[in-house]
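Questions regarding the structure given below will be posed in turn.
A, B, C, D and E are the chain letters, set down in written order, and residue numbers restart from 1 in every chain.
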Amino acid sequence: RDSIYIVGSSTVFPFSTAVAETFGRNTDFATPKVESTGSGGGLKLFCAGVGVDHPDITNASRRMKASEFELCQEAGVEDITEVKIGYDGIAIANSREGERLDLSLRDIWLALAKDVPNEAGELVPNPYQTWNEVNPDLPEITIEVLGPPPTSGTRDAFVELAMEGGCKTYDFIKAMKQEDKSRYKAVCHGIREDGAYVEAGENDNLIVQKLVANPDALGIFGFSFLDQNADQVQGSKVDGVEPTFESIADGDYPVSRSLFFYVKNAHVGTIPGIAEFVAEFTGEQAWGPEGYLVDKGLIPLPEAMRAEVASAAQSFAPMSRP
Amino acid sequence: MITTVEEIQRSTSTAMRSGELARVRESRETVGDYSVPDARMRCRDIEVWYGDKRAIHGVNLDLGRNEVLSMIGPSGCGKSTFLRCLNRMNDTIDGCRVSGSIQLDGEEIYDRALDPVPLRARVGMVFQKPNPFPKSIYENVAYGPRIHGLTTSKAELDALVETSLRKAGLWDEVKDRLEAPGTGLSGGQQQRLCIARTIAVSPEVILMDEPCSALDPIATAIIEELIDELRANYSIAIVTHSMQQAARVSQRTAYFHLGDLVEVGETNQIFTNPQHRLTEDYITGRFG
Amino acid sequence: MITTVEEIQRSTSTAMRSGELARVRESRETVGDYSVPDARMRCRDIEVWYGDKRAIHGVNLDLGRNEVLSMIGPSGCGKSTFLRCLNRMNDTIDGCRVSGSIQLDGEEIYDRALDPVPLRARVGMVFQKPNPFPKSIYENVAYGPRIHGLTTSKAELDALVETSLRKAGLWDEVKDRLEAPGTGLSGGQQQRLCIARTIAVSPEVILMDEPCSALDPIATAIIEELIDELRANYSIAIVTHSMQQAARVSQRTAYFHLGDLVEVGETNQIFTNPQHRLTEDYITGRFG
Amino acid sequence: MQDWILLLVLLAVMTAAYHLGRRRAVSGVGGPSQVHRLHSLPAYYGLYAALWAGLPALLLLALWTGLQDQLVLMLLQAQLPREMTAGLSEGRLGLLVNDIKNLASGAMVSTEVSPELQAAAAQYARLDRLGRWSMWVAVLALALGCGWIAWGRARPRFKARNQVETMVMAVMVIFSSIAILTTLGIVLSVLFESLRFFSMVSPLEFFFGTLWSPQTALRADQVGASGAFGAVPLFTGTLMVSAIAMLVAVPIGLLSAIYLSEYAPRRLRAVAKPVLEVLAGIPTVVYGFFAALTVAPFIRELGQSVGLDVASESALAAGLVMGVMIIPFVSSLSEDVINAVPQSLRDGSYALGATESETIKRVIIPAALPGIVGGVLLAVSRAIGETMIVVMAAGLAANLTANPLDSVTTVTVQIVTLLTGDQEFDSAKTLAAFALGLTLFAVTLVLNVLALHIVRKYREQYD
Amino acid sequence: MTDQTPASAPHKRTIDAVNASLKRRRAKERRFRRLGAAAVALGLLFVALLFADIVGKGHTAFQQTYIKLPVVLERAQIDPEGSGSAEVIARANYLGIIRAALRAHFPEVTARRDKRALYQMVSVGAPQLLRDRVLADPALIGTTAEVWLLADDDIDMVVKGQIDRTLPESKRRVKDQTLGWIERLESEGRITKRFNTIFFTNGTSREPELAGIAGALAGSFYTLALTLLLSFPIGVGAAIYLEEFAPKNRWTDLIEVNINNLAAVPSIVFGLLGLAVFIGIFGVPRSTPLVAALVLTLMTLPTIIISSRAALKSVPPSIREAALGVGASSLQTQFHHVLPLALPGMLTGAIIGMAQALGETAPLLMIGMIAFIVDVPAGFTDPATVLPVQIFLWADSPERAFVERTSAAIMVLLAFLILMNLAAVLLRRRFERRW
């Protein structure tokens, strides 16, 4: 094998392939082969062992879990370099024919949670049918949100950032975190199953198209799709912040998550081109604010962080146990 | 002992006689009167083509009321082809074209406006190769009455099936296995089943293509008796290779040869005093 | 005028005579000597079942060398079934079981070790319903010689095809359309084609199931002549409904009735002096 | 590359064996004029020799090419200098060897090329060549040896045809058993995971539970509100979507088949049949988009205009489009068998005064039934196995409903989403995919047994 | 109609009954026939609809926008020593040359940000294309040539009207400034649309304007060739054995049910099987046409076997008897007589099975075919992807320009399908006959 073998997240796939292509074009190395297996599937393949048959790099739209790290260690994949490459904003959008919404995290949680507090502060099954029941400032349209299924990394991020963020605004629930962590999570992460939240599969283009067809519906998808389809859909403001490159990069927009890739250090120096590939990926021309990855919709890390991550990545400093 | 077709043809050039008689004997026109008064079916200038091959060359022939007309002739001379014209069965053969006029009770059957369905209900047919449906014996016979709605109750239908099978002489052999498939019968039984199937719809004209070819003498007798009985109300055209049978059942006989209708006339006359040389050769080449 | 099967059966109970003669006439065993010395084929205790239905009840019968054996009997009595046992053609019917012993030149043909392929090449068959291959006429006849490698050159094969078609009396009718499909022939032509196909492989034993049923007298004569000629070298079993034909071509005749072999003997004797009452009834019910 | 040449050489050997075998048999009886004295046609003797010359050698070739690399690498590893391999794990050794291979084949190498590495690369190239040459020798020797033995047997009394047919038959038996092996493979590849699943979730809940909630904890740090594994809604969903699809496909397919084979002019038939078959080849993504963006909104609007509450994802939309997709399964296969019904049966019916449609309904269809059922079964199967359309148009919500206007999900869809999303291979959630697969397998098995019995009952044998 | 004597009661009944019901039956007949015609029409309509949809969306992808600029190809920059060696020429900084040309054409653009926007009008692939151009024609060095440069996908979308110029700036990806440049270039006749050869010669790419279908096409070709090679003989062989030779008993019933059941196994499960058996046990390399073909073979086998068996069943038994009767062995009977008659049905099975295999993605998911592979595969063991997977991936890409390319890829797939089926369809027509 003389080419790099990359697996992993479908969210990172567009960025990873863009780098791979440029790398192939601009160097004498063969263009890496990039498989889209999902973060979990990628890590599973990655951690299966060291050797030509195993991937060199895996992409992930979340951090590697401790259990996965263990798995790697057991299989002899000891030194792993973690590279954080930037952010992916998660947009909550609707058709341009509809009204642009200004949601708070609490609104989002109230609209989509399985159980919500009533006046008495008890948790009851979510009674809200229209947005203005959630918040009188919002228009009177039915709550219908098209979003990814639980198997998707985007969904996890959405739940953790948006839902939990809104949920925490209730003090009694926040207090629960200390007392009964699992109950806290159940309350904050539970998404209603009565049809208001529609699990729409992982094809974000389809969600965009469905929003166009149905102006009352909201959709949850990656920022790149909002960027590409700005003439058809508009991102709702969350806590008053519109999803834009700048707001996400600055961390003002609250619903965004970090993207990573992991390198198998044992393969560096034996599979040709890995070091060069990492250098390409962590170069300014790629992931900088004016790099080509930004055109593909990647939200770059802040400058200082980029420098730090790049030097760590290019020296292949092994990560510690997460 | 034997006269092959070849030999007959060779003899054509040698055994010429002179005068009127000779002309009749070698006529290219049909010898004898092919028309009958008040005919049930009247065929004029029938030509049939299979692709480029002409199988019937301008045949004129009438089928009278309450008569049995038998058609004889060497194998491959066009008997089946002609018979199949009479209920437009040739329509189903790819590349088969029929021209000329065929009238049933004065009505042109090859008229484009004519519906072949009632035509075929009126002109029934028994095929040369038995073709029972892959259904039970009962269903085979009940099929026609069912589609035409001839009976109103199950009992009536049962009775009709029984009578038809009885008339075809098959009842005793199959009465306790009416539910068995018709295709599991012996050759002769299948043939009788097809006869029963045809008479179950009581057509006005019945075309029978060698209905007794696979039958033993006893069964043959039953069928011949049936034909005789049917004649009272219907017209029947029957193709047969047995001249004895033709003599027994038919009033008129037509002799075909290589696509031509060579001679037609009273059965008696044809068998005792054929006019055309070909007919004579055929008749006298008879065995038995 | 007519004797139906039913009437025959009814008469059984009334017309009883006494003594030895009566016993023979009502025998449940086969009357006459079914065996011949130095038989080509020897069948013993043949029983054939179609599912639960027994079609042949313990038949013993020999087929001698250079003889023509004809089998007669009412339709559905099991003639075809019996014939099909002789070259294991019944193997192809689902649910058909054969028991007993059949030997060809002393070799058990139902032996598991025996390859039915050479058997069928040695024991050829003409089926009751003509079944030409949907190929050209030429290919129909050439097929057998081809698979058995009977000819070494195209010319030889052409010659063989021609002789076979000539012997079957079909050559003149088809010689200029050998490439036409065999299924586009008339009924009688198809039958002769199947005969030509069978004799093209020169089997030692030929089984013919009503080979002349669709043939006119002239064609019949040609086939009968052929049979006579073939007898010089081969053994032939022929099923026929025409007693005249049986009398003309065969040396021995077997009479079947409802699955039983009722009587067997010299053809002359069977037709002039039948021993069993059923045989007599059948023979005397003859017409013509 | 070399393997291809070897394959060609092998082919040449087979051709030669054919001719030699044939010749020997023919000359054994004294020339071409005597071939009728052979047991079988001369060609069979040739084929016999050719098959023996070819098949074992091909088998060896396949095995050798499969194993050669591993063998060479093993040899190479054994011969590498101690200091290079010392302390290397198997995986790292593999990487080292990979480097050596890259070097040998002239591809890019990751590190500086040390002399040892260079030497190893040369050694590898040597070994590889040696391996290939021994393969040539072994394969050709086997081909010639077997061919020679077979050639020796080509004597006149030798039952060459039977031998060849036995070989062909054996090959066909092997082919037939592939189906069994596939089943075995499938069962085995889902069984253990299923068992693990059932050790976590009670089968009772799985088979009779009416709540399927994918919102279970997939990871330790993610907690779902409800974790329910009642598969009933999935099966009812599958049933509904497939039923709708069949309601579209069977009438359209069957009627098309009938029209094309019985009524249509030849020209139309020649064109329409292959055109309809294209429907089976359009990627399901396309159908999915079509269902989700054209059909579903249309149904939704239609429903709203008559005052019905229609979910934006509905079983109906998915079922309809899926029905279109499987039309050719019914139409083409039925058309073939309908066309194969002998003309004499049609004639028999027409002669009784039946109309075309009566003939079709009462004679032709019953006679063609086994084949038609085969096509329909294939269509049902395809409907059950289809994912993309359902995901895109019917959603993923496991509703237990009998309303086709609701959103439903199917077993297959759940299997695919569970297997392609973020997975964890020891959580009940991912394992559920395997359990679903196994259950679906069992359920369809039962349905197929029923279908077989029904077909047997109504089978009509013509001729 | 008939004026028979009353004695002929029975037949009078028939024709009367027939005539009485004829109208109804004829109406039924007409209805049935119309229903059939409607079904065919409906089927064809669906095909037409899908085609229209696909072609309507995809036909624009066969054109690609180019921008003509005067490019200064200074010898000093490209080949300073005048060696004329291809290696030196290939190394030159064509990106810089192109950028210089852009700057020269739009001298008013000076701000860094604006310059960046300006550079982005030309595809990142343009330098490489320019290099190839210069390599092919070294005489250009030292001249100022008018060169058609590949435009970026956003520009392409604007020129093709996929991005609405009349929308307010905030709702568009292409800003007013760029739009102004485009309009200027258009008015100067420096923008044109040409046939998109890149689409047919390139492998995939993340840049829509550079993305091509060649890799997927080659992958599909290898995969399906192998699938056909394996599945048709195996399927037909198994069908013949099971239908004609296998003893009819419980065991063969089991096999029959089992094969029907395999047809109902979701295709992704075949992917699991392939992953476990072919990749796991036999070590077949991932993401290759070889492993895909093995999996797809298993998936299409049931279809071929079932349709072949149906076809064999419909051959009349009398044909078999006829062949056996002249002493053909059962195998000869099959191969000489039954097989030719059953071939149309078997080919139908193959056509449908292969169509399914060609359009299938789910099982390939499991065996690593959902991958970004730029190089066009050259064999059965090269990493490859296939057309439906490429379509799946493009359909999931955010770039607007991939929408039309997705449809164009579908058109290519359908063309492939039609070509693949053509031979089979013609062959089938030759063997079709009635008896």
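Everything that follows uses one rule, which is that contacts are C-beta pairs under 8 Å (C-beta built on N, C-alpha and C of every residue); 3 or more make two chains touch, one makes a residue touch a chain.
Keep in mind it's a predicted model, so treat the numbers as computed, not measured.
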Both-way neighbours, i.e. chains that touch chain D and touch chain C: B, E
Chain of greatest Cα-centre distance to chain B: A
Per-chain CA centroid nearest to the all-protein CA mean: D
Between chain A and chain D, centroid-to-centroid distance (C-alpha), Å: 36
Geometric centre distance via CA averages, chain C-chain A, whole Å: 85
Centre distance in Å when chain C and chain E are each reduced to the mean of their C-alpha atoms: 60
Where chain E touches two or more other chains, by residue: 18, 25-26, 317-318, 329, 341, 395, 434-435
Multi-partner residues of chain A (each touching 2 or more other chains): 30, 202-203
Multi-partner residues of chain D (each touching 2 or more other chains): 161-162, 289, 342-343, 353, 355, 358, 420, 461-463
Chains that touch, pairwise: A-D, A-E, B-C, B-D, B-E, C-D, C-E, D-E
Chain D to chain A touching residues, read off their complex: 89-92, 94-99, 102, 107-111, 213-216, 218-226, 288-289, 292-293, 297, 300, 311-313, 391-392, 395-397, 399, 407, 417-418, 420-425
Chain E to chain A touching residues, read off their complex: 116, 120, 124, 128, 163-164, 167, 170-173, 205-207, 287, 368, 370-375, 383, 393, 395-400, 403
Sites on chain C touched by chain B in the complex: 1-6, 8, 50, 53, 72-76, 78, 80-81, 128-130, 169, 172-173, 177, 184-189, 192, 209-210, 213-222, 225, 241, 243-244, 248, 282, 285-288
Residue ranges of chain D touching chain C (in the complex, touch as defined): 32-33, 35-36, 38, 40-42, 159, 161-162
Residue numbers on chain D that touch chain B, as the complex places them: 342-355, 358, 362-363, 366-367, 460-463
